[in-house]
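Take a look at these structures.
Next come two complexes built around chain A: one with chain B, the other with chain C.
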Partner chain A sequence: MFSTIIEQVINGIVTGSVYAIVAVGMTMIFGVLRAINFAHGEYYMLGTFGAWFAIDYLGLSYEASIVVAVLSTTVVAYVVGQLVMRRMVGAPAESGVLATLGIALILQNTVIFVFGGGYKFFAGGYIEPVSILGFSLAQQRIIILVVCLLVFIGLELMVTYSRLGMAMRAVSQNIQCCGVVGIDVPQVVLRTFVLGAALASLSGVLTAPVNVSVYGGMGELITFKTLPIIIMGGLGNVRGTFYAAMILGIAESLVATYIGLQFRDTVGFATLILMLMWRPHGLFSTQARF
Partner chain B sequence: MTQTLTRRMLCISTAILSIAGVAPSLTARAYAADTIKLGIVAPMSGPNARYGGFSMHGAELAVKEINDAGGINGQKIELFNADSQGTPVEGVSATRRLIDQDGVDFIIGDVSSSVTLAMQPVAEDAEVLLLNAASSNPKITYQAGVGGFKWTYRNYPTDENRALVVAKYAAEQRGFTKFSVLSVDSDYGRSAITFTKKYLPDFKGEILSEDYYKEGEVDFRSVLAKIRDNGAQAIIMYGLADTTPIVARQMLELGLAGKVVLIGNGEFNTEKTIKSAPKAMEGAVEAAAWLPQYDSPASKAFVEKFTTTYKEAPNNHAYVHWDTVNLLAQAIKEAGTSDKNKVREALSKIKYTSPVGEVTFDDHNQARLPMILLQIEDGKPSIKGAYTAEIQYPAN
Partner chain C sequence: MSLTDTAPQARRRDLRIPLAAVLIVVALAAPLIGTRYVTHSLIIALIFMLPAHGLNLLVGYTGLLSLAQAAFFGIGAYTAGLLAVHLNTPFYVNLIAAGLVSGAIALPLGIPALRLRSTSFVMCTLGFVIIGQAISKNWISLTRGDMGLSGIPKPYFELGPLSFAISGTTSFYYLALAVCVIGTLIAWALVRSPAGRNMVAIRENETLAESLGVPTWRYKLIVFMLSAAFAGVGGCLYAHYLTVVSPLTFQMYYSTTMLIIVLGGGAGMISGTVLGSLLFVGLTEALRVAPELRMIAYGFCLLVLVFWFKKGLAPLINRFWNAIGGSK
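This part shows the complex of A and B:
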């Protein structure tokens, strides 16, 4: 009984890691743009497709496919960033919703148009199980966990010490003042956006081996799972996002085990409603930042 | 003036059209002795058009074979096609068109269960024989024969057949008694489990856990961990084809591969699925109405003939329509006439040898059909034969 709970908590942490890498990009983009990026899950999908394409068509190894996937998504994100995202600085909230929803539809349907709507089989990755503390886990999941920790340590350091990180924080606090002190706001927005999209694609490539199926509509579910996380974590809060993702992952895992698999997706949406009712500014801050 | 003229024109043309509409059906009755009129209702357009295309090709092939061999009792079959678009509304008008305008006495249709359910009362009112070849909802024949509709027959195994056959095979051939359920959260996934539960006690089987997954679910580890710990011997899965590889991979991950097998339906036998986790798919049991690999001379001959005629391999729908036309032909032959009342009587008593085995009808006009069971052995689907199972209708 106790060991089952431990096992499910570990499962939850692994699931949470996937959510965390995707959600952190979304929350940073919100920080600088004040807009929810509804197309965020599509970069996750693009990453997975990029890797699938590299393996199936170019015959590359899984490691090389990670590079191809992240680079190609970065290119797409750069184009989208130049054409759309940087224009959203200072624009009303509804234009952000419309623009990102539109991008989501375009990216999703382009992929379906080019590669077809059927499910693809993802062949790469390390799926052999290993046993840790008596629990059996695919090697890939350990990779996901480690990469997630590295990403968050790196982001913490970047946000605190690097020039881009400081600029990001400044933009998230006051856009007008940034202009006064000479911070190129659209440039910061663009870079944050490309970074966020690249992280989402990395999460996609890392998850693909254990999720096996690759299809055009796979990004949508991820977008909707990340929404409660970034709200729970406090919009724009990197560390809060990490904890929130873990909480959602573990909660989902326990619900799936003890209540029923069909109720798994309920957890995220119920959390979203509860958070918006009682703590719309997130679990980790006492007052709203935006 | 112009308006009056238009209105008059409209009246006249309507009158002419209605006369023209009646005339062919009158002549049709008059010529009924010459040809046997058979209508096919199938989705020829819309999202299921592919199924309709296969169904029609299957029926055409059978009709051509029968007519080339001289017809039945000297009569040739004349084939009519009506498009249901896969929707009940269009299915009903298609059926009416076939009955009123083309004057058919026999209809085969539809693929979709909801369309077939809507067609049943229409066929009943017109006293036209409705022979279904491809719908699997059990309700269709629950309400046929002694259950109500005298003119509906079905030559296709139901979801209930499938559940029963799988449960029986798992219990009797594999000796399983402990099962866990992991099915898709839909009418199909849930009703298959409802029927599995109906029959499982007969085989001393018990269900230890029951979970349903939403379309798009990718993480089954918590459920699979539960199954690993509760000691189930098999997972009953009526699922989506695209989810099977994910489940199989995670079974591998949790060390269930080789210990617990999947039974049910969800494209367990495709190369893609097996390749995803060969160890987990080994021993999996699946039930299908028919598949091109089925090894009987008649089935092989059909596949070959269909492929040379239409330049593509037949699917399940092509086969069942081809087979059902042949079944009807034999019923007409045994009746000795194409009189629909006599044919219906003959159909109830028929012993028809199909490529998968002998077919007879029960008192609900449901064909006792074998389902083909296959088991994954050494990474390849191996056909374990065709199994028939008697449905227990609720007493009412």
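This part shows the complex of A and C:
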């Protein structure tokens, strides 16, 4: 009984790590652009498809497919960023919703159009279980955990010390003043967006061996999972997003085991609505900013 | 002297009445001229018009961006479906009940949601749709879960000894048209009233409106409920037209379609919503000839809308309106 709970919590932490890597990109994009990116899950899908394509069509190894997937998604994100996202600076919230929904439709349906809408089998990754302290865990899940920690340590350092990180914080605090002191706001938006999309695709590739199936509509589900996380973490808050993703991952895993699998996909928004009544500005932000 | 100045202006023909006459004739004659498929597309457009009017009151006039319309649309559809299947009530009872139930459920949902700021409010309203779908999937004793409610009868009326049913596509078109005309007139009367001006005041500057004595909280809550009632009535039409209601009625795609109608047609404009629902729903129904490319084309349409028609079709409608001699 007790060990089942611990096992579910560990599974939840792995799921939370996957969500965290996707959500942190989304929350950073919100920070600089003030727009919810409804297309963010599609980059997760593109990453998975890139890796699947590299393994199935090009015959590459799983490690090489990670590189192919992240690079190809980065290229797509750069094009989308140049054509759409950097022009969204200062646009009203409604325009952001419509534009990102449009991008989501285009990306998702182009992939379905090219590769077909059916489920595909993902053949790469390390799915051998290993035993740690009496709990057996697939190697891939351990990789996900380690990568997630590295990504967040890296982001924390980047946001605090690097030029881009400082520019990002500046833009998220005051766009007008950034223009005054000579920060190229559209450029910061573009870089943040490409970084976020690359992280989402990385998350997609890492999760693919655990999920096994690959299909065109998978991005939408991830978008809906990460939306409550970024609000709960406090929009634009990197560390808060990490904690919120972990809470949600664990909650989902426990609900799926003890209440019913069919309620798993509702946990996020149900938690969100309850939380918003109590702390409308997010769990980990000291004051409401958006 | 001033009389001669305005003289050329006054001599311009006022074409509003002829235009209205043409519109009425076209609306009435459409199913007789077009094929059955055109009529079907028009019915779908009319079904989405009422929820879009409700959303327009919320987004266009009061300035609250909401994605909850699909939730209330689904509640309305299930209310009408359950009443029709279990109690066999006539159509107008279902219609009123769907509006009332959706509006009533919007009250407890709106009280916490409307306290939130912009982005959190959007997410909270999106949550209503997701949770609505989960409830409709899992409350199997009431909704029959994923199987959905099927066998909803075609709308029938019972007026004293007289009772008749609407079975054909063409006659359903006239029914939907009648409901939509009434709904449009209600929305129009509302925004032209002092209440409509107060709503615009809240959109433009909520703090200022509050300080001028507009009870902003009560207004926002009532508009939220009204928009839900509009969506519920649309849901009732949907249930009776398709004769099936499934949990897929609660999907974000419907919410975004309604948002696209409002923003694409021109937020804060009744004629924009009417035109938008014909254009964006009728058109996508017509695009079904190329199903694989349809959604890609739709996505590009959204980007075109965002970048080239920032205010939707409203400026075009205004220019047309001025050209035919209408005043504000």
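Basically, the second predicted complex is superposed on the first by the 290 of 290 C-alpha atoms of A that agree within 3 Å, B and C clash if a C-alpha of one lies under 4 Å from a C-alpha of the other, contacts with A are read in each partner's own complex, and residues count from 1 in each chain.
Just so it is clear, contacts are C-beta pairs under 8 Å (C-beta built on N, C-alpha and C of every residue); 3 or more make two chains touch, one makes a residue touch a chain.
Only a predicted model underlies this, so the values are computations on that prediction, with no experimental measurement involved.
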Combined model on chain A where chain B meets chain C, clash or fit: fit
Which of chain B and chain C A:Phe224 touches, first, second, both or neither: second
Touched partner set for A:Ala104, first chain B, second chain C, both or neither: second
Chain B versus chain C as contact partner of A:Thr15, first or second or both or neither: first
Chain B versus chain C as contact partner of A:Leu235, first or second or both or neither: second
First (chain B), second (chain C), both or neither touched by A:Glu94: second
Comparison of chain B and chain C by chain A residues contacted: C
First, second, both or neither for A:Pro129, with chain B first and chain C second: first
Chain B versus chain C as contact partner of A:Ile273, first or second or both or neither: second
Touching partner for A:Gln262 - first (chain B), second (chain C), both, neither: both
Overlay on shared chain A, then closest C-alpha pair between chain B and chain C (Å): 5
Chain A residues contacted in one complex by chain B, in the other by chain C: 260, 262, 265
Footprint of chain C on chain A - complex, ascending: 30, 36, 84, 87, 91, 93-95, 97-99, 101-106, 108-110, 112-113, 224, 227-228, 231, 235, 260, 262-263, 265-266, 268-270, 272-273, 276-277, 280-281, 288, 290
Footprint of chain A on chain B - complex, ascending: 182, 185, 211-214, 216-223, 225-226, 229, 242-243, 245-246, 249-250, 252-255, 272, 275-276
Residues of chain A defined as touching chain B within the complex: 4, 7-8, 11, 15, 119, 121, 127, 129, 136-138, 141, 210-213, 215, 217-218, 221, 252-254, 256-257, 260-262, 264-265
Residue numbers on chain C that touch chain A, as the complex places them: 59, 65, 112, 115-120, 122-124, 126-127, 130-131, 134, 137-138, 252, 256, 259-260, 263, 267, 292-293, 295-296, 298-303, 305-307, 310
